[in-house]
Amino acid sequence: MENFTTAIESKNISLALANKMLEAALAKGQELGIPFSIAIVDKPGNLKAFYAMDGAPVLSLEIAQNKAFSAAAYNRATHEWYDRLKDDPPLLHGIVHTPRLVIFGGGYPIKINNELIGGIGVSGGHYSHDMQVCEAALEVLKAFESEE
Amino acid sequence: MENFTTAIESKNISLALANKMLEAALAKGQELGIPFSIAIVDKPGNLKAFYAMDGAPVLSLEIAQNKAFSAAAYNRATHEWYDRLKDDPPLLHGIVHTPRLVIFGGGYPIKINNELIGGIGVSGGHYSHDMQVCEAALEVLKAFESEE
Amino acid sequence: MENFTTAIESKNISLALANKMLEAALAKGQELGIPFSIAIVDKPGNLKAFYAMDGAPVLSLEIAQNKAFSAAAYNRATHEWYDRLKDDPPLLHGIVHTPRLVIFGGGYPIKINNELIGGIGVSGGHYSHDMQVCEAALEVLKAFESEE
Amino acid sequence: MENFTTAIESKNISLALANKMLEAALAKGQELGIPFSIAIVDKPGNLKAFYAMDGAPVLSLEIAQNKAFSAAAYNRATHEWYDRLKDDPPLLHGIVHTPRLVIFGGGYPIKINNELIGGIGVSGGHYSHDMQVCEAALEVLKAFESEE
């Protein structure tokens, strides 16, 4: 029998971790005093956990989910897109139309020991604020990284 | 100035209450040993908070959200629809095709002192299980009802 | 019981007020001699009242509704977006693709005493005309502002 | 030159008539004490005028528009569908899935002298209530029928 792979192992963020990340994001949002929507998706980009802070703009609900989706579905933080597009006109005028793809800050892959397990997306402020909220949530991951 | 109402007051579920309900639903889900998706929406049916338990079927993500939407958007528990439809063939063959409307159990309006403030939807088991999870979450509301 | 907020109060535009605003917009549209679509949404962005003037372009029906949605869903007049985007290339090339978000003039939040209660959107002329129609409708609100 | 038709004349409901019909529907809705959504579309089924009464269920916004669309787009009252479907299983199980087609009461063609000029749709109560509201609005047309 040849060496044959029937299935690929993957890891997906647990609800327990997603919940800790939501709580950290919420605390940062309260500190900033801006009502954010916060979305966490699993590795294939499906919704895992979500909070809309009281007063979050209606428009932020979908943008937060799309940022989390974009980050997990391409394993790239959303703020890293523009630098790769700006000198490539076909992409700059083309790929930005991809449904659910967000190319501005506020979406990050979630990784443990450099392995992708999901994505987080935040919307509600300028993307520089949204990024701060994501980064506060990503701090949670450090406690779970193995030392090598 | 004539007697004229410029705006209608309404109430929407807070994230604090949504979070308590999610936690109660999660505890019930763990007790039943079934991985559920649990969605909470505000009064106009927009997503407020969401958990997918580890292993929840992909299909349950959207059904849970649609149940919560249905319950809030018509102020009716989803399991109450079928009795109203079963002897009314135009509705039974017609209204069931309404986008996002779910007519089987697992979606409930969220009310405080009989005022609608949102909806909860659960999916992942048979709808009889989904209903048990919702009901556990709705127990949380009793602590906040005012006595009269 | 702990200090705990179960629900957030909000206000939504009444049909009576929406109707007065539609009539004022219609009068302005007739004065300008351009057939407009005029949409009014409630605070969460759902359609409250709508007129398409005779001869309004088919495309204007949806744009007017999207402008009203954009204004209510982010609490910002649609003509205020471009100044915030023009020197921020990731947003300029990115957020403009958000479904239903309009970033040119003709959509305004509807506020009473500075509280958001809905949105109005107008389409059919150049956006400078659309804005004039909105502004005529917003004049109606002044009669309902409380003096302080 | 052969006899050749370059264009087909059609008539579309005016905003003036749509407005009169909305007002008649609103008065009937207030009399019944149920908050309805009321939609009027032109002959090709595009939205012409719309009111959501205060408290109308979120779900009714889209259903009312779909009923009006169905009535104009097929020149048939929505309550007339079921009798034509019930003994024709391929239609009963098939055509009901057509997007935007409603097969229960509450949508009527709008005709002047038997010529289709638009459609009206109402949602918010049982369809028997929705039909009463439509019928009140259709009464308005009688004043504009020519005697022969």
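Just so it is clear, A, B, C and D label the chains in written order, and each chain counts residues from 1 on its own.
Basically, a residue touches a chain if its C-beta (ideal position, glycine included) is under 8 Å from a C-beta of that chain, and two chains touch if they have at least 3 such contacts.
The structure displayed is predicted, hence computed values, not measured ones.
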Problem set entry | Residue-number overlap at the chain B/chain C interface, same or different (half cut) | same
Problem set entry | Chain pair bearing the highest count of C-beta contacts | B-C
Exercise. How far is the middle of chain A from the middle of chain D, if each middle is the mean of its Cα atoms, in Å?
Worked result: 45
Exercise. Where the centres are mean C-alpha positions, what is the separation of chain C from chain D, in Å?
Worked result: 27
Exercise. Whole-Å distance, chain A centre to chain C centre, using C-alpha means?
Worked result: 31
Problem set entry | Set of chain B residues in contact with two or more other chains | 5, 8, 14, 42, 44, 46
For this session: Would you identify the shape of the chain contact graph, picking one of line, ring, star, complete or other?
Result: other
For this session: Chain pairs that touch, all of them, please.
Result: A-B, A-C, B-C, B-D, C-D
For this session: Could you please specify the touching residues of chain B with respect to chain A in the complex?
Result: 14-15, 18-19, 26, 42, 46-54, 58, 61
Problem set entry | Footprint of chain B on chain C - complex, ascending | 1, 4-14, 16-17, 42, 44, 46, 112, 117, 143-144
Problem set entry | Residues of chain B touching chain D in the complex | 5, 8, 44-45, 70, 72-75, 89-91, 93-95, 97-99, 101
Exercise. Which residues of chain A touch chain C in the complex?
Worked result: 54-55, 57-59, 62-63, 79, 81-82, 85-86, 92, 96-97, 102-105, 127
